[in-house]
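Look for chain A in each of the two complexes below; its partner is chain B in the first and chain C in the second.
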Partner chain A sequence: MNLELLQSAAADNRWGALFPELLLGCLALLLLVLEIVLPKKHHSAIPSVAILGQIALLIALIVHFRTGFIGMTTFNGLLRHSVEGQFMRVFFLLTSILVSILGVVSLSRQRMPRIEFFHIVIVVSAAMMLLVQSHHFVLFFVALETVTIGFYILVSYYRTNPLSLEAGLKYLIMGALSSSILLFGIVLLYGVVGNPALAPAGAAGSMDFSSVRQFLALHPDNFLAKVGIVLVLSGVAFKIGTVPFQIWVPDVYQGAPTPVTAFLAVGSKAAGFAVLIVLAGVFAPYQKLVIPVLASMAVATILFGNLAALTQFNVKRLIGLSGVSHAGYLLIGVIAAYTDPAAIGAVYFYLFAYLLASFAVFGVMTHVSGSNDAEQELEHYADLAKTHPFLAFVLAVGLGSLAGIPPLAGFIGKLMIFLTAFHAGLYVLLGVAILGVIVSIYYYFGWIKAAFFASWRLPAPAGEAQADLPRVAVGWPAKLALGSLALGSIVLGFYQGPLVEWLVLR
Partner chain B sequence: MTMHVDLLLVSIATPLAVALAIFAGLPKRYSVKLAYLGFGVPAAIALWLWSRFPTNPGDTYVFLSAYDLGLELLGIRLKLGLNGISLPLFVMAGVVGLAAGLYAIQSGAERLKIYLALLLVMQSGLMGVFASVDIFFFYFFHELALIPTFIMVGIWGGRDRSYAAMKLTIYLTVGAMLSLIGLIIVYYQSGLESFDLINLRQEAVANPISATAQKYGFGLLLFGFGILVSLWPFHTWAPLGYGAAPSSAAMLHAGVLKKFGLYGLIQIALPMLPVGASHWSGVLTVLALGNILVIGVITMAQRDLKQVIGYGSVMHMGYAFLGVASLSVIGAGGVVLMMVAHGLSVALLFLLSTCVHHRTHTFDLTEMGGLAQKTPVLAAFFVAATMASIGLPGFANFWGELAIFVAVWKFSPWVAAGAVAGVVISAIYGLRAAASVFFGSPTETFSRVLAQTAPVDLRWGEKIPALILLVALLFVGFWPRSLSAPLNSALQAIYPALKVLPLEIVRK
Partner chain C sequence: MAALLFYLFAAITLGTAILVVVSKNAVNSAMFFLLSLMGTASLFVLLDAFLLAVLLVLVYAGAVVALFLFIIMLLDMHGGDRKPFKRTTMVASAFAAILLGLGVLGFVQRAQLTSAPVGAEVVAVGATLKGYAAQLFTTYLLPVQIVGFLLLIAMLGVIVLSKRFEGLEDVK
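For the complex of A and B:
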């Protein structure tokens, strides 16, 4: 390689395009440095540094939303910057801020090292940002692995809890398996795309998304490519937890610390969907294959998720399985996007409504859970409305929005998905989705019922005090966060404003 | 005009604003005072708009206004207005809301503030349902009113409240979901991709929706709305729910919110999907007769006052469905009049049955008797309400049922005979319930209750809401034209334009 070529390659490394990821990386390192430098009594301030730093970055990102890099490909085709990418950056930053706030609440009840938690959360968020902007299978895989490895640590973070360790092990095995499937798919695609006999002159071997798409359009019936596509989709399906790759969800969601469960449920799933939307575009020439695969996954996912959630009494498993069904609804949006491009906007809106509602629910769960984070039963919510009206209100709004009850944001999200599905003629999927929504009402309202309606509790045996349910008072940062999440769900239900306009128009 | 434009929004926003203020932690003294405002303002606005409403509106909406809330691209706007069909229901919602609110304020319920706030949210949704010209918001406001119902049944309910709340939730969600799909079909098949009812209707006249889509769409709307209106055999949530619901919630739900489904059938489904309607009218007739005859017989077997009223309300919905199935202007007009009358009378009955319970401490009809001697005013109100719901001339119900019978007679004399048999059934259970509460000699157990606490007659706090409802029933009963003139004008303009429904004239 001569010097000129190297220089031209280096000139394409526009580091400015990566400022959020770079700053997040610096912030993560700063936390570790602070832990060494600061005296021990000041260590409690470090999580605040993490949260405030991220909030500052969020503001900077929103102010600087329309960067000049939008529409450009940088780093020699590794990254592609788009408005969707900017949206997801904001989304992930919001996610990691909320996870950090929940982390402060949850970690206060555990005897665990603190700082590393925030460090890893920030690094994983940065990796997610890179993941959704990747334009090349190599960066795609590296970013995905960074996210996954971060989660291996986070899931088993409460290492004194056997369930957390078990969850970590399960996630490790399943994650490794899914990564290898994904990698195998990528290798197969590489094998056909890199075949000089098939590829157009000069483009052989390039694994960036646009040349893969170009190749697929030229060879619409290549067997190896088909296998590769299915395997890549399967790898992504692991991340978003769709049937038949949902097997890890209930155990891992139950065992993982509640903030991490929230991170998995929202961040990891959203990253999976953002990537899936990009990949669905790349695989568009193979629609005839992709649509049936995704559609059968969607049907199975909605049915399995809702029916399995019906029987749960542990709220973490319940929310995990209900999250599976949400992945199913979102898949419908992804499929509809092939016929109706507005569906992409619907998926993003749904994800955002899902973020608001899920974090509201997880926030309440963090406060209601005792020191044993994995044991959170429905019965722990008895009389929550009397003892903690604020938490009960937030819970009701969050669950109502997840269930898709008007006037909350979740309803608008579902309505947009249903509208686009109808437009795209996906009547069967629509019917299954409606069925799923109806079933889901039962368990969501069962949870609300547990929290609101006066229930009979086994009286304590004579001489013993009635065991108090494990609940903690709500501190003001958490109160502020939960309050704005609930308010966001309500306001977005009444007034969608520029968000929808922007998402649909783009 | 601009003044009226804002009034509809004010009638929706006032109760909601008061509710939010109460949720935000307003002290109790001010909460109750503001609650008067929250229930009074919509009623006052409804009556004022009624007085200003043209007698001959035709196919136009009055007091129109529109606001963009961000879903403009999907063809959704908050568009408010009233036409001849929605005006009677809007007025009824205001009046029943006022009565239910006044009754709730003096009821001394536990955690009264929250109870009133939820009731106010419900009131806001009810005003919104009938004031919406946009189908999306029509649906949206219905759900807004529905959520407080679940909560009120679950927290303040009586026997079996937890089970009843859950059953109510599931049934009504199924109904709402089915009708939502039906509405989406209308939205897309019209080719407009707009939820604006005015545009949709014009488009349906110009380019009717394809026959297949009409059949599916009307079927979904019929069963979706039907579940919400307790169409037989999907009615089981209703008596259970009303039995458990606190009285003001039952008044608002059975009286007003339940009418959402019928209103949707008349305002949206019949004009937009006439082919679908004629396809389903046979099935609907059979189910409606099920409502009247099967539920009528079941009602006769009830021994619990609240169950009699709950089942009786399910039974009366059968008449309304028959009116829809007759596919005629006079039938549809009869349904609207009947909805108004039924809303007022069933609310009155629920209110009075709670008053009875406060004095007898039981709903069991076999354990009462002779209450009229102690509480003559209550007895007079109750007998009047019973007469109204049977459909005696002089009360509003008479006109609605009469118009429906005329329409059904044209449609099929045999069905009309079945429907008239229902009147006899409703007279039997209604009068028997009134008789066993108020007349005859008290049973042994009841004498003991009476001896412990001597029953007092209706207090002013109970009398005023009851009086509001009774006066409204009599007003419409003696001057039906005040509602039927604009109604008739609107229906004639909307229906014959579609050239499928026979043109008839609502009796003036």
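For the complex of A and C:
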């Protein structure tokens, strides 16, 4: 180990390439410092600092979208910067801003410590940004664990509610299991790629994605590599909640605080898919193995998610199980990407449409839920259109977009995925997906029906007032966010313009 | 000699690991876990991964198991009050064990573990303390920094989830 070697290794640590993550980390630390420094009566300003800081960073990120680092690997091959990575950075920042806004609304009804929530949300989204840009299994695993541990805490955050604690424990056990499966897969791949008798490059970069891919291309039928690939894919499938690794989804989604459920549904899933697209590229020489594995998962996921969601009355379980089926549609996009590269853009567009629609629905759920965050039934939405027409409108747009009703953004997303699946010749998957979409319309419209159409109820006994439904007034930041989400879903349905051009037709 | 030692330590590791699961007293489980870790550390020594072996003993056997024992004693858990396994659990675990056994058999028969030609062994970068530290502070600096944040949020999580706050009624 001479000094020059060390210096050259250190010189590749280009911290400038990481300015969004670094600034997010600093912002998170700033929140904790402010909590210590500021007197108690000013503490209510700290969440605004978190939200405004993230919005400023979002603007800076969009202005500097085309950095000079695109296409480069930095940090000695740990990170690879790409246009997709930049897109996902914007995506995660948007997610964490929306989660913070919902968090303000939801935490105002709880007597929990506030600041730590925003701190953890910001750190987790920075870790997600690093996760999708990682190009090396070490960084990949460290970033993934940071995300997962953040979620363990966030899921059980409302600890006065037994359901939240139960969800936290379930997520902890299932998350630890999935991490161990993933780690075992990584270890097997490391073992074969680093084996000097087999490898072309030696052990120097045997955890690096490009050398793994190079190895797989040279040895197209290695048993240990096959087992490793299946285990790594299973570990990622846990995070995105596809069958048979969906077992945690309904309970955890129900018990977690609503903003955290939104974060899990959108952020965690999007991170999983961005990683899956990268890994699908790495495992491309083993297509004959990867495609059947992903395809059988996709079929089971779409069928299970939609059929299980049919019977739910708790809206959080319903949205969780419908999220499972969305993971199935997205998997079809990932498979189609092997024959039609435009499918990658379609998956990203679908994720973006899913973000707009999901946060619209979760925003409404945050306002309609009472202090008991886990008990949100369809009945609570009775007469929402009469008492809160704005919330009902946002809910209808969000659910319509999730169901894929034209002309909303969700429809265009599904259309693009299905078109690329058609180009790729995945007819069976396409048939199952269309069946799933038709089934999903039933439960999405059941929800809309609960909100818009009066249903017969037992008349209240004389002298007893009708129990008030737990609803809160909508403050202006939430109104602005929900309004722009609904508007975004509608506008993106009519006019995709530069976004699709940029994502798909590259 | 090395093969004999390998089988000895592997047997210790596996046998004590099974005892961790089946023993009724939580303190006994923790002590068997300690033995299992020692067995693993010995296996690492046989592989010339001395640093890893020392770290395993220091961190897991030294700190983590001691922590387990502290918590078990703080909570004052009585040994022997755990319910025996249910029949369905037994059937499921037997099924899982058969599957796992088949998996291991598949590994042994089909994995092409060609051993490296003599002299071509690559020394792992983490084999010596010096090389390990050099890697940690140059190539893997970024993951180390991320782990810092990971530990920070883990600490915050402990505070949020366990501290007594005014006006907060906890689940009994």
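Just so it is clear, the second predicted complex is superposed on the first by the 501 of 506 C-alpha atoms of A that agree within 3 Å, B and C clash if a C-alpha of one lies under 4 Å from a C-alpha of the other, contacts with A are read in each partner's own complex, and residues count from 1 in each chain.
Definition applied: a contact is a pair of C-beta atoms (placed from the backbone, for glycine too) under 8 Å apart; a residue touches a chain by one contact, two chains touch by 3 or more.
No experiment lies behind these values; they were computed from the predicted model shown.
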Next on the checklist: Contact-wise, after the overlay, does A:L58 reach chain B, chain C, both or neither (first, second, both, neither)?
Outcome noted: neither
Checklist entry - Which of the two partners, first being chain B and second being chain C, lies in contact with A:H423: first, second, both, or neither? => result first
Next on the checklist: I'd like to know which partner A:V500 touches here: chain B for first, chain C for second, both or neither.
Outcome noted: first
Checklist entry - For A:P407, is the partner it touches chain B (first), chain C (second), both, or none of the two (neither)? => result first
Checklist entry - Is A:L224 in contact with chain B, with chain C, with both, or with neither (first, second, both, neither)? => result second
Checklist outcome for this item: The chain contacting more residues of chain A, comparing chain B with chain C, is C
Checklist entry - Is A:V83 contacted by the first partner chain B, the second partner chain C, both or neither? => result neither
Checklist entry - Once the shared chain is lined up, is A:S156 touching chain B (first), chain C (second), both, or neither of them? => result second
Checklist outcome for this item: Interface residues of chain A shared by chain B and chain C, listed none
Item to check | Complex contacts: residues of chain C adjacent to chain A | outcome: 106-107, 110-117, 120-122, 124, 130-131, 134, 137-143, 146-147, 149-150, 152-154, 156-157, 159-161, 165, 167-171
Next on the checklist: Help me check something: in the complex, which residues belonging to chain A touch chain C?
Outcome noted: 1, 6, 9-10, 13, 18, 25, 28, 75-76, 78-79, 111-113, 116, 119-120, 123-124, 126-127, 130, 138-139, 142-143, 145-146, 149-150, 152-153, 156-157, 159-162, 165, 168, 194-198, 202-203, 222-224, 227
Checklist entry - Where on chain A is chain B touching in the complex? => result 400, 405-407, 411-412, 415-416, 418-419, 422-423, 430, 434, 437-438, 441-442, 445-446, 449, 452-454, 494-501, 504-505
Checklist outcome for this item: Contacts from chain B onto chain A in the complex sit at residues 69-74, 139-140, 143-144, 147, 150-151, 154-155, 161-162, 165-166, 169-170, 173-174, 177-178, 180-181, 184-185, 187-188
